[in-house]
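Here chain A shows up in two complexes: once beside chain B, once beside chain C.
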Partner chain A sequence: MQRFEYPTDRETANAARARALESLLIEKGVITSETVDKIMSIFATEMGPFNGAKLVARAWVDPAFKMLLAENTMAAVEKMNFVTKGAGAEGEHMRAAINTPEVHNLIICTLCSCYPWPVLGLPPYWYKDPSFRARAAREPRKVLSEFGLDIDPGKEIKTWDSSAQIRWFVVPERPAGTDGFTEEQLAALVTPESMMGVSMVKPPAR
Partner chain B sequence: MKLQHYLGGLEGLDPISLETRVFVEAWEERIFGIHTAMMALSPQLNLAATPSTFGTVWTWADLRKGAESMNPFDYFKFRYYEKWLGGISAYFVANGYITQEELDARTKDFLTSPPAMPKGGDAAVDARVRTYLLVGDDPKRDRSTPPRFASGDVVRVANPNSVDHTRVPGHLRNKHGVIDSIYPDAYTYLCDTGPDGIGEAMPVYCVRFDPEALWPGNTEKHFTFYADIFEAYLEPATAS
Partner chain C sequence: MQTNFEHFALGSMLGKPDMPPKDNGSLRFGAPWQRQAFGMALGLSKQGVFEWDDFRSEMIASIVAWEAVHETSDPSWDYYEIWLTVLERMVQRSGIIGHPNDASF
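Right after this comes the complex of A and B.
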C-alpha cells in the first residue's frame, strides 16, 4: 500500500544524485573511482551469507562445533577460513542463537538495522523496514506467519534485539532428508532468511 | 521524544515487506559504498593514514543520528537508502567537502546528459577501506571496574534524556528485566551520547524480558524478548 506521494521521477532523481555525489567525491579526492566497486566486490565474495551457511553446515555435522558456536561464537568463527577471521566490520562480537525442537530464534534491531556483516553480509530490505522492526518485537508469531512460517504454539520464540555492539545470527535446524550430505551440500541449502529466523531450511528438492 | 526511538511494539502498521533484496535500485549500492568508505576513512580509527581528503569523523552513530532526527512521517515515507542519500549528501555539504550548488548542478548533469565518471585516486585509500572491512573497529576494552549486576539480577531499564541519539529501545524504558548474561570485558560506543549516558567503555548485559510485562494482554504466548543493554541504562529493580 502506498501511503505517501512521491515525485514521478523519484528513482531517476535519486540515481542522478547518488552518481553526482560519487563523482564529486572522486574529483575531490575523498574516495577513488574504484572504492565503491571494491567494497561491493568484498560483500559479493568475502563477507556474505555464504560464510554463515558454512558455519551452519559445520554445526550440523559437528556437535562439538555447534556447542562452541553457542557458547563462544567468536572462537567458533575463528576456526573457519573466513578472510575476516574472528573479526570484521560489524562482526567484532557476534552471537549465535541455536534453533532446537523447543526454541525458535528471531533476530531484530528495533533501533536501526544492526547485522553481522562477516557472516551474513548485508541485510535484506524487509529486515530494515520499520514495520518489521516494530511488529516483530511484540507479535513475532504473526510476523513469521506473514513470511509463511507457522511456529507451533507450544514452541518458545526468543527474539534478540541487537541494541548494543553484539551482532546476532540464527543457526536453523537441519532439515530431514539430508543424511550423508557433505558440509558443502548442506551449506547450499541455507538461506539468509533461515539465519535470521524468518524461515526454516527446506529439505532438498527430490 | 522521538518516534524512531520507540518503534518496538508500535501498532497499526502494514503487513511485513517480503522484499529479500539488499538493494532494490542500482544507485543504492553507490550510497552504501560511500557510507562504508566514510566509516573506513574516518580519522579516529587506528589505521594507516591515506591521501584521502576525508578528515572528519563519520560513524554509524552519525548516520543513526540523522535518521533519528527526521520527521517521523518522512522516516516512514523514504526507503532505507533514500534516508542515507539525504543524510550523507547533507553531511558533505555541511562539512565543506562540496557545496549544495555543485551537487545540484552535477545532479542536473546526470539527469540530462550523464557525464563520464571521473577516474583515478590513490590505491592506499582503497587498501584502507579493505582493511577496515576485514578488521573492523573493535569496541571491546579491558574492564576497569567489576560489573554492577550479576546473572539473575532483576534490573530496571533507565529512562534517560536521550538528546539526539540512544541505544535504549524505547519499549524497554522503565521496564523490569532479568540479567541473562554478562558480556566479557567492557564496550565503548561510537560517540558520547551526553545525558543519555553511553560512550565510555562499560559492561554490557543481555537482558531477558517477559513480553507480557512490556505489553500486558497485548502480546503473544511462549515468547521471550532479549536485548543487549549498556550498563549505564540499567538500574537496580524497584518495587512496582
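Right after this comes the complex of A and C.
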C-alpha cells in the first residue's frame, strides 16, 4: 500500500514546494505571477516544430506557397502569422530546402550547431555531436542509413550547412495516402526529424 | 550570432547530462509544477539572481550524486524533482529571500 501511495504523495509534495517557492518570490517582489508564463510562452507557442510543420503542410497543398518558400523563405514565413514571424533569435535568415523525387536534403551545421529554433524547436542531442556533424558532411548516405533512412541510390543527397547567417530546414515530401487531408491533418504528420532530413514523413496510420 | 536568453539557456544544456526531457522537439513536462519550476529558474537567472552556469553546475553535480547511489533504471528518478531542489538551493544562496532559516522559507 505504501508503495502505491508514494508517487502521489511525492507529486503532491513537489507541487506544494514549487507553489510555495513561487508565492515567496512573488511576495518578495522578485518575480510576478506572470513571469513563468511569459518565459514558457517562448517555448510553448512562439517557437517549435509545430511552426515548421505548418509551413510544410501549407507547401504541400499550395504549390505557389511552396515556390515562395524555396525562393524567399522569410517572405513565406511572414505569411503564416507565427508569433515570432521567424524574426529574432536564430531564426532571422531561414532557408528551406525542398525534397523532391530526385533530391533528398539534409541539414547540418559543421561549424557550431546553428539551428532554426522558431520552426524546428529543440534540436536533438546528436545534432551537437561533433562526429555526427563531420560524418554527415562527408558521408551523408551512410549516416542516413544509420538513422534507418535508406535513400535510393539514384537519388541525390544534398547537405546544407547552416551558419550564423543562414539556418536551413527541409521541406519533406508529402507521403502517400494523404489525398484530401486538411492542412491541419497534414501538419500533424510532420516530425522535426523529417524537417532535418534524417527521416521521411510517414504515411498516416490506418 | 544573435540569440536570446531562453535559447541560450536551453542550447547550453543540449547533449549534456542536465538536458531536460524532450518530446518531438518540444520540452516535456509531466505536471504543471515541473513547468513552474523550469520557468522560475530561467526567469530568475535571466534577471541575474544567479548565473545560469552556476545553476547548471549544481544540476549536474546533483544528477551525478543521484546516479552514484541509484541504479540507472531506478524508477524513482525524477529530473524535475532534482531541478526543484537545486532551484530552492540557488534561491537560498542568492540571499534574495532573506536568511535560509527565516520562518518564511
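Everything below uses one rule, namely that the second predicted complex is superposed on the first by the 162 of 206 C-alpha atoms of A that agree within 3 Å, B and C clash if a C-alpha of one lies under 4 Å from a C-alpha of the other, contacts with A are read in each partner's own complex, and residues count from 1 in each chain.
One rule holds for everything that comes next: a residue touches a chain if its C-beta (ideal position, glycine included) is under 8 Å from a C-beta of that chain, and two chains touch if they have at least 3 such contacts.
Everything numeric in this text was worked out from a predicted model, so none of it was measured.
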item	value
A:93 touches, of chain B and chain C: first, second, both or neither?	first
Chain B versus chain C as contact partner of A:110, first or second or both or neither	first
Chain B versus chain C as contact partner of A:49, first or second or both or neither	second
Touching partner for A:120 - first (chain B), second (chain C), both, neither	second
First, second, both or neither for A:11, with chain B first and chain C second	both
Dominant contact partner of chain A by residue count, chain C or chain B	B
Chain B versus chain C as contact partner of A:141, first or second or both or neither	first
Touching both chain B and chain C, residues of chain A	11, 14-15, 17-19, 21-22, 24-25, 27-28, 30-31, 35-40, 42, 88-90, 92, 112-113, 117, 121-126, 128-129, 164, 192
Chain C-touching residues of chain A, taken from the complex the two chains share	10-11, 14-15, 17-19, 21-22, 24-25, 27-28, 30-31, 35-40, 42-44, 48-50, 88-90, 92, 112-114, 117, 120-129, 164, 191-192
Parts of chain A lying in touch with chain B, wherever the complex brings them together	1, 3-4, 9, 11-40, 42, 46-47, 83-84, 87-93, 110-113, 117, 121-126, 128-135, 137-143, 146-147, 153-166, 192-193
Chain B to chain A touching residues, read off their complex	4-5, 7-11, 13-22, 24-34, 36-37, 39-41, 51-54, 60, 64, 67, 73, 75-77, 80, 82, 85, 88-89, 92, 97-98, 102-103, 106-111, 114-115, 117-123, 125-126, 129-130, 132-140, 166-169, 171, 183, 187, 189, 204, 206, 211, 214-215, 218-230
Complex contact set, residues of chain C against chain A	1-4, 6-7, 10-11, 14-15, 19, 22, 24-27, 31-40, 42-44, 46-47, 49, 78, 80-81, 84, 87-88, 91, 96-98, 104-105
